[in-house]
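Encoded as structure tokens, here's the structure I'll be asking about.
The first chain written gets the first letter, and so on, giving A, B and C; residue counts start at 1 in each chain.
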Amino acid sequence: MPDLNVILLQLFAGLSRGMVLFLLSAGLSLIFGVMNVLNFAHATFWLFAGYVTVTIYSYLAEMFEPGFVLLVPAVIGATALMVVLGLVVERFLIRRMYNRELPEQLLLTFALVLIIGDGIKLIWGVQNRRIFLPVTPVEAFGVFINPYYFFIIGAGLTVAIGLWAFLHLTKYGKIVRAAVFSRDMVSALGIPIPMIYAGVFAAGIGIAAFAAGIFSPLLPMALGTDIAIIIQCFAVVVIGGFGSILGTFVASLLVGIVYSFSILIWPDGALAIIFLIVIAVLIWRPWGLFGTELRT
Amino acid sequence: MTPRDSNVRANWRIRLATGDGLSLPVVLLLFVGFLLVPLLPGRFWIIVATEILILGLFAMSFNLLHGYMGQISFGHAAFFGIGAYATGLLMRYFKGTGAGDLGYFEFFFSLLAGPPVAALGALVVGFFCVRLTGIYFAILTLAFGELLYYIVFSWYSFTKGDDGVQGLLPPALFQNAINFYYFTLLVVALAVCLMWRIVNSPFGYILRTIRDNQRRTAFLGINVRAHMLANFVIAGAFAGVAGALWGPFQRSIAPGLLGWEQSGIAVFMALIGGAKLFIGPMLGSVVYTFLHAWVTIYTVYWPLTIGLIILAIVIFAPGGLLGLVKERLGARSKRPTSPEQSAATPETGGAQ
Amino acid sequence: MSGDILVVQGLQKSFGGLRVTRDISLNLAEGNREAIIGPNGAGKSTFFNLLTGYHRPDSGTVTFEGKDITGWTPHKVARAGIARAFQVSNIFVNMTARENVRAAVHAQLGEIYNIFGAARAIGNERTEEILALCGLAERQNVLAGELSQGDKKKLELALALGGKPKLLLLDEPTAGMSLEETRATMELVDRLNAEFGLTILFTEHDMSVVFNHAQRVTLLHRGEIIVQGTPDEVRKDSTAQKIYLGEHEL
């Protein structure tokens, strides 16, 4: 019977991972829902943002006291940079692919995986990067836990709720949701579709950047992480269903927790277990647990 | 003389411009080229040509799913790798700890084991993947590919994991690069001929209808899923042939052969050469392999390079090299010179 | 009733909360030519979708040649002998007209798993027969995507015939056609019925086509049957007249 300590630790780790997966998958799902483009490079943008965050933080840490406070400008800076990058990529690359067939769109974002991934190597080399936050473990639930976990879970929840609120309560959000449903209707109403697309893409990338930023103190940024993560994101959107924030949320937590706990039971098999869930879902409910009937 | 005969005879240019017409001269050119490679000085060209042939076959097997059936698989290398491991592990087993070379019977037996094992893998994976198409197919194949890579990577006791399997020497006769090269050329040529037959059979034409309109195909009374699965298995088998050859060629195998990067190679070759034409991927292999060999002399940032090239091709020339050629020919034959020709006005868009 | 090739009982279908098909029942006698009419959105295409397995009915049964085919998938329904020509051309655009029809013929001949034979050498007789019947012989080597609208419609029909069907469902076969094309198309339909014994069920907006070529008519409105009978009976029905007031002249 594993230690209660260990279980709780894994639970928090799993929830944190789930939060990050959610932020990434929500962006992926939104981009696909609105623009019908599957951004293979989504996790690669995320990784890039992580490296940028670490770089900014390290730079600031040389001048000031290293600590949580410095993380804030680092994350903000990285997010801003990535939003700009997202806008550029959308304007000059993705935009050309809207009327193309699916395989060509997939190839484009797949090529971006290679370009950005190798670009990371070019800029930062092969070394892992991470941030070491000086933290004192805090006692909670009878166990000592890194308080940073709370921060991640909190930040993730805030963004999740914010995203939901934006999509359901604001005028712009409703337009975006309408665009998922019918591009033509929205365009017929005189709302410029290219702007919506640019906005959605940049927002998706921005959220991914934020996720990378807050995760960087927990996990080293390493080459190749992007592929493992994007596959988990795919698992999440398949399990949860494209186009459902709630589904994405639930599925993310599920995948995150399963991943963390399988490290206890079967360390190498984490991905395999998630995989089996994906297969099961695809057999019984191909449109995901919360999704609506498949889009063709 | 039926209208069809006169159509066919009078419009060789249009025929050239449509898919199969263009392939034939290119195939002949390539084959003659391949035959003559050993005339070039040194071992370098022979090695490169062997690699082009094997990877080209791999890419053509991928194109059965892509150009002919309209799907994109990011996990096709899993079957290439399974073929490689089936053959490689058998070769290892037969060689045992003995000092002598592998026997010829054992060598051919090992080679023959590759495709059926790969086909079996494709049957299992395909069963799940063909349930859905488009995006989901792409995601699923990627995920399955990574899963199989992971299994090979982790199962150290059976596959030697990340260490890979070394020392896969073919029998004495084939240790000579030229001999092995001609052997490879023979196998690949036979495989390509077989593929040509399959692609032009009734089965092959149904693949095209599935590509063009899956729903309508079902309304013709065809079980689309079963058909796709059959094709998936066939494609996997051909990938297994390529994989089987790879081990003795490189003298070693590693789990990376099953991964997404290897899968990407097939996708890129098909894109570069032209996915809508039969021999396109082989042509793509020629270009890709040379490019790879050349660029890696100067820089280690190959993924960045190929990524940029693919980006450019996808945006500006999605039909690949042969697609561009076809466009040129199609444009030229647009001028009507006979009544039959004016009835057909070929489009010059890439997607034919 | 014996001699009925198709018996539909109480077919129901809803999408989300919307009822698109309400309690539709129909008896189609073998060898008949019948029409289904109704304003746009009446549920005519949905009805065909339910018959051919594209949608699964919520309740009700469909019996074809005595066999219960309710809920069968499209490919099984097609193999049972029901073929459908679509309203919007649903052809294989990157293949020639000949290859299109040939594929349908191969499917019917059971050749689709033949991986070693040459497609060009199989099923040619029947392919050419169908092409000639549908008036596509001249343009058989043209890519289907490049055919004129009228030719695409012809190919639509040719594809449906490839499977040697016993029941032919035609979704607005003369939509968008000129007077001459309409005449030619319906002449072919009549011929398929009289000479080849195909049972025909078609939907139409063109009332003259309906009255000149249908033996019985079913009027649908908002997913349910309003009236069924001979064209004359339907024309005289007061509810039918109300529905069409302002839309057509019956």
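Definition applied: a contact is a pair of C-beta atoms (placed from the backbone, for glycine too) under 8 Å apart; a residue touches a chain by one contact, two chains touch by 3 or more.
Note that the structure is a prediction, hence the values are computed from the model and not measured.
Visitor: Which chain is most central here if centres come from C-alpha coordinates alone?
Guide: Centroid comparison flags B as closest.
Visitor: Starting from the Cα centroid of subunit C, hunt down the chain whose centroid lies farthest away.
Guide: Between subunit C and the rest, the longest centre separation is with A.
Visitor: If you average the CA atoms of subunit A and of subunit C, how far apart do the two points sit, in angstrom?
Guide: Chain centres of subunit A and subunit C, defined by C-alpha means, are spaced 48 Å apart.
Visitor: Using mean CA coordinates as chain centres, what's the subunit B-subunit C distance in Å?
Guide: Averaging C-alpha atoms per chain gives centres 41 Å apart.
Visitor: Report the inter-centroid distance (CA atoms only) between subunit A and subunit B in whole Å.
Guide: Here the centre of subunit B sits 34 Å away from the centre of subunit A.
Visitor: Can you tell me which residues of subunit B touch two or more of the remaining chains?
Guide: Expected reply: 351.
Visitor: Over in the complex, which subunit B residues touch subunit A? Could you list them?
Guide: So the residues of subunit B in touch with subunit A come to 66, 70-72, 74, 128, 131-132, 134-136, 138-140, 142-143, 146-147, 150-151, 154, 260, 264, 267, 271, 301-304, 306-308, 310-311, 314-315, 318, 351.
Visitor: List the residues on subunit C that touch subunit B in their complex, please.
Guide: Listed in rising order, the residues are 52, 54, 73-75, 78-79, 83-84, 86, 90-95, 98-100, 102-104, 106-108, 111-120, 122-123, 137-143, 145-146, 159, 162-163.
Visitor: Show me the residue ranges of subunit A that touch subunit B in the complex, using the header's touch definition.
Guide: Against subunit B, subunit A makes touches at 32, 38, 93, 96-97, 100-104, 106-108, 110-115, 117-119, 121-122, 227, 231, 234-235, 238, 268, 271-272, 275, 278-279, 282-283, 286, 294, 296.
Visitor: Which part of subunit B faces subunit C closely enough to touch in the complex?
Guide: Touch residues, subunit B against subunit C: 3-4, 7-8, 197-198, 200-206, 208-209, 211-213, 215-224, 227, 230, 234, 343-347, 351-352.
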